[in-house]
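Here come two complexes built around chain A, the first alongside chain B, the second alongside chain C.
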Partner chain A sequence: MKPSSQTIFSTVDQNITYIQDALFHTDDLKIRHHFYKDMPAALVYLESLVDPILVERNIIAPLRLKEADNLSELFTTMHLEVHERLEDGIQGLMQGYCLYFVKGKPVFYTLTAPANYDRSITEPENEAIIRGAHNGFIENLTVNLFLLRQQISVPDLTVKYFNIGNTAPRRVAMIYMHNLTEQELVQKVEKRLKSISLDAIMSAGFIQELIEDNPHSIFPQHLNTERPDHTGAYLMDGHVVMMLEGDPTALIVPVSFFAFYQTPDDYNNRWMIASFVRFIRLLSFITAFQLPAFYIAIVSFHSDVLPIQLFFTVQGSLTRVPYPPLMEAMLLELIFEFLREAGLRLPSRVGQTIGIVGGLVIGDAIVKAGFVSYTMIIVVAMTAISSFLIPSNEMSSAIRILRFPLMIAASLFGFIGISFGLTILFIHLCKLESFGKPYLFPVAPLKMKNFKDAFMRFPIWRIRKKADGSPK
Partner chain B sequence: MKRIFDGLLLFIIIALTTGCWDHEYLKDMNLAYSIAFDLTKDHKIKQTVELIIPPETEQSATKNEIHTATGFSTRGASNELRNRVRGNMRVIKNGVQLIGKSLAINGLDAPMDVNFRDPKNPTSNVRMLIADKEAGDIVNQKKIGELKIGEFLTSKITSLENMSLFYPPETMDTVFHSLKDPGQDFALPLIGMEGDEVAAKGVALFHDQYYSGMLDTEQSILLVLLKGKTGGNARFTKTIDIGSTDSSRSELSYNVGKKKIKRTFKVNVANNGDVHVTLNIKLRAILEEYTGTHLLDDKAIARLNQELSSMMTSDAKDVIRELQKAKCDIFGVGRKLIAYHNPIWKQKNWKEDYQKVHFHTNVQVSIIDTGITQ
Partner chain C sequence: MAQDEKFMSPKQQFLFIIQAQIGVGVLSIPYKLSETAKGGGGISVIMAGIITQIIILMMWALMRKFPGRNLFQICLQLAGPIVGRMLIICYIGYFLFLGANIMLSAIEVLSRWILQETPKWVLLGLFSIMTFYLAREKLTVLARFYSLASGLFIPLIIFVSYGLTQAHIEYMFPIMETGFWNILRGTKDTTNSMYGFEVFLIIFPFIDASDKQKLFIISMSNLFVTLFYTFVVCTCLMVFTSDQLRIIPEPVIYLVKSLNFYIFDRADIIFLSIWSITLVCSIVSYCYSASIGLSVLFKQKNHRSFAPYVQIAIYFIALLPITPITIHHFDQMAEFAAYLFIATIPAVLMIVSLFVKRKAGRTV
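Coming up: the complex of A and B.
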């Protein structure tokens, strides 16, 4: 877009022609001519962005009924600005403003009458909880900020807007608690947001990928949530939240690995139950990507670790399978991934079919046909269930991918291969940072105090004493 | 593009050929569960192996096969056997190793060498048994009742351990320690055929690596107690006379394995170089059966305690006599000497001198429970 400093013309028609040219004669640009105090005047707006009722009530009605010397006092819109540069007017049109020109005045007026077609505030479907607030962010940034402000009504809650995108800028809000957040962190986020140079930001995922510390890592370094209560809790812990206009996702930074294993539900449950559930989730981290590898290592290298009774059961089910365990595992994992992806895209009414195809046809027939063994089905099913225990979808996908390299390592070198794979993985995790904060936080660097809210969920009065060194 | 293609090719090669050089698929294995070694008349080693055949379907049970081969060494016999059995014979889940008495007399070092040398052979959980005649005969039974012979033998060992006939468990690893230790000998459970049944015969005593004697079942239990150990139950039945008024004799069964045993074991060296060993145990007995008519009041119990103590002390002395006769230093007197009286140890020729050790043994029994009747 060429920057231009064209100021207002003396006649209304000239102004209108200029705007029409700038918008390439788009058809939804509406112009309403009339006379104000016998002077030709015009109201210009984009039909698709304004609410006709508001225009009628706040702009047209006052113009008809009254006459005043000062137009600024006449209009009853929420917002009114006076501009000279036509370029500002064009920007305003894009955001749902109406422009009012009167012949002979050296300025024009921008008046708000934005259309609102938002969906209602509903609970996010993939983040449903049992107890607690059942609201969720929507595609309107103002409403989302309203939800946060409603929760945290203190002046310390600070919002900063950025317009990101060179061709089609979109508003991004950076939200933080002024008194709780490290200034360094705020500056870092601000700097990274400003450094984005892209034509257009299509979704929150764009921001995420452009500003994270290590885009080549498989692990997510932002926590995504559509829950205001979840976001609010992180704000109160001194994290920075980013939200994109038109996207219901809040991006929270910095996060540690363990944040992906926590849900708001944990804090609504009794602490012992919450601790148990959290422990199970962390256990699922291990089973979700190591179980197939472990199984492959056992049946191809270390059969001696099996108890004797199990030995024969496994052997019996393996005898009819014609290829190596890795192939068997890969085949079944791929079938499972197919089913999962297919189930995701199908409408829920057809979705049941997938259950039948996956569960009955493939599950049973594939063994009877001798493609895979029963034990492999058990292993893959266990793995699949474990991977869905993880509350965060990104983490769950990351873990699902991780098992393939580990499976190969296991089939190459057995248990030693797994150990090497895990060593590499943990080296990577230890090195990883989310906005300068260590990703594996209470574990590396080790801070026993913070274990209270990482592996377990201690009673709230024990956690809330701000343990030092927490990613505040 | 080329790099992607190369990566894909590499992935396919890895996926299809991984671990080719050293993998050992579970499905290709034929498991040898119990193995017996015997010495033939022409000094060859005869190996009898129970192979487990995996079931055709998951639900059906496994079957077993018995194979025999001879060779100049254990590995030689195994190789001979491998020529005959189907597939890949593996001993990785080997649970029991039987050794015939004839072979045991000639020493265990040679037949067990392969187990210690090759790490693929398990040692840590392999139980060893000595057969009083041919070990192969026992494995050749193939099935005892519903159980396959290997399963039968492992469960047999467990029950022997539970009855304190043999405890603590002696595996190939612990035997190896004792074999290499000049101040420590070991014993192994002894079994044999009685008609069609496989029965425990006691323990086989070893001196260095050679079979040198045996104890019967009751003595075996006492040996376990003298070691200060118990497998959970240690039952004795004695005929005893306590009635002062009527002279009826009554049967008495008691269990000393339920309670902890207090043991004192001291090795002293006298000025003249004689080794004196004090070995006292205090047993606490629970009365399980008493067929006498006399009421077991405090007085009677005190007398019983005295009577039982003296009986068991003399039994214990018999056990120790047998041990010394077999030159089996099972308590590790030599180990104590090495540790605490090293100059004396260096003067001794332990093979001969062990028999000259003076044992001072005392067993004290006290009945602490008579059950719910008196």
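Coming up: the complex of A and C.
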């Protein structure tokens, strides 16, 4: 679609016909004819985008009540612009503007009367916290920016808009603190955003995948959140936030691995408790993908690692199982993945059925039937629980997938296989960078100073003292 | 952060050298020393550390004369394009050979203790994949991984220290049992566990520190490694009698195996699994050095494209020796190669550099 530069026609009807043609005679285009100072005039708008009460109050009523030479003084809408090019008008129609044409005037007016059907600012369901602010981003960029500005009311907070998408452009806001963020980082984000060349951006996930450093990695390199307080905290730490119009997700870059293990709750708890909880979560990183592999390695290779009493217990439950441990584990892990995926989109009342069928029926029957051993059920259940401990959904999915290759490695080479898998995994993590920042910061490269907020949650005055702009 | 991305920090250098240095050798030092030094094994190790320190001083003296250059570039500059290139090729060969040697010793130990049935080529393949995956990365990534892997020393040291509960200090005495000469001979057996610090010749220009700091840090690494070895040797000497030691080729693993941790048995399996990760670091140092050498030789900016060839070469060199005797020869060759490439050639280069100092100063 090549933008032409058709200027306004002299008669109202000509203008209307042009606009109707340009919009392919769509039915929600409303045209209200009337006379202004005995001249034919018309108000044009898309009824789906416009609030009729606002139109009535701010545009029609003033026109009826009085007359003025300068129409700009008459309307009581929030915005009023004067245009000559009809293309600008069509662009405006798409954004919820009304166009007002009067015969004989060389210009037309664009007036705002946007409809607002936003959902209210509620707490995001998958990021609920116990204490702290209970608001969340919604599908309206302006409201989201309002939420951020309300938190950080300083002139430092800078917003830059980009229109991304060739056919159906959508607004993306890049938000950062001017004095706290490295200029280099801002430029990098800006460059990558500008380099996106796509017909349309459907969701924030598109942006994420198009601008990240290593799209072939299993690990998320943007932090996604719908919480304004979480976003605000990262802004204050010198990160850059991207938000897409119509999407409640804030994309935060750069992030380190440990950011996915932090929640806003950590800072509302007492520091010792928060440290303990964070430690538990990081422990779950290990158990979530290593436990089944570890178990497989032990029962199929190194049963002599077990103390003798435990060995008999495990062996006792294994003797009735016809399959090798890897098959056993794969079977159970698959069942678990099925149940998880099935339960994900079901309404909660039906979801309980899944719990009963999955947990009680399958869990118990599968052992009685002799497909898997009790110990394997314990191991898989532990793994499942650990994987849900991770606050970030993307990270949790990444780690759930990792357990499969590790299980295979363990079944082939025992502990050496696990060492192999872990080495490859950690080399990969060392390699990863999020917008030029090392992913495993502060562990690799080592910065003991920043351990205070990675593994533990030190008292706030200890963490905040060194505000040197380095990422958390 | 963004600016020093090309360099590694002094802390990373410290851990880098340690990781490169501690290899498969330490597992069998006490056994080797039981032939010669016996109770004085600890002294042998310390003397090996001192000799290493002297070599390090010499290398440092060489490197500081050529700021911003690594060993290969110095070879080219000092020995001219033809001899220099020959030297580089020799060094690449040396790095390949030593990398293969470590890999071979590593899988020998692993197949003896854990994976008896697994074919050798499969294990070598596993190690090659791990090494390759890391060696083709830039130095900062290596440094990150090395410092991460250094955390693994903590359980390793705990395992060995736990052996002290069974120690009988009288086993170690008399320290000078075999006389000073034998302790010196023991030193020779220990030196080949010290290799690895020569990677210093390659990473020297990429450390974010002053020359003096660099020297201090590498000395600290050497000190740490020497003390660690001394500790391991003394522990073994205290736990096993010299008669026992003579028939146990890998006393450290044997020591760990005999320990009872209550929550798990056979600690040696866990010990070796952790150990194999630190071994990867040692191999990677050689693999990385060899690829850097190739990139200098072919005047390429990036070593990434050479890493696969290096890895394939190491894999096949490690496949060559089959019988225990050839493996032993392999070890001996590595030892002599190290004398030549770590001590002799850098010494010659340094002496040469003393004479052409002025010329070099102009070109730099």
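In the analysis below, the second predicted complex is superposed on the first by the 468 of 472 C-alpha atoms of A that agree within 3 Å, B and C clash if a C-alpha of one lies under 4 Å from a C-alpha of the other, contacts with A are read in each partner's own complex, and residues count from 1 in each chain.
Basically, a residue touches a chain if its C-beta (ideal position, glycine included) is under 8 Å from a C-beta of that chain, and two chains touch if they have at least 3 such contacts.
Just so we're clear, the structure is a prediction, and the values are computed from it rather than from any experiment.
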item	value
Partner chain(s) touched by A:Glu182 [first = chain B, second = chain C, both, neither]	second
Contacts of A:Phe426 with chain B and chain C, given as first, second, both or neither	second
First (chain B), second (chain C), both or neither touched by A:Gln151	neither
First, second, both or neither for A:Gly414, with chain B first and chain C second	both
Partner chain in contact with A:Asp304 - chain B first, chain C second, else both or neither	both
Contacts of A:Gln91 with chain B and chain C, given as first, second, both or neither	neither
Partner chain(s) touched by A:Phe312 [first = chain B, second = chain C, both, neither]	first
Common interface residues of chain A - those touching chain B in one complex and chain C in the other	301, 304, 306, 308, 413-414
Chain C residues within the chain A interface of the complex	1-2, 5, 8-9, 11-12, 15, 110, 114-115, 118, 123, 126, 129-130, 133-134, 137, 140-141, 143-145, 147-149, 262-266, 269-270, 272-274, 276-277, 280
Residue numbers on chain A that touch chain C, as the complex places them	182, 184, 301-302, 304-308, 413-416, 418-420, 422-424, 426-428, 430-431, 436-438, 440, 443-446, 470
Chain A contact footprint on chain B (complex, rising order)	14-16, 18-19, 22-27, 29, 31, 33, 52, 54-58, 60, 62, 92-93, 95, 122
Partner chain B, residues of chain A touching it in the complex	298-301, 303-304, 306, 308, 311-319, 321, 324-327, 330, 374, 408, 411-414
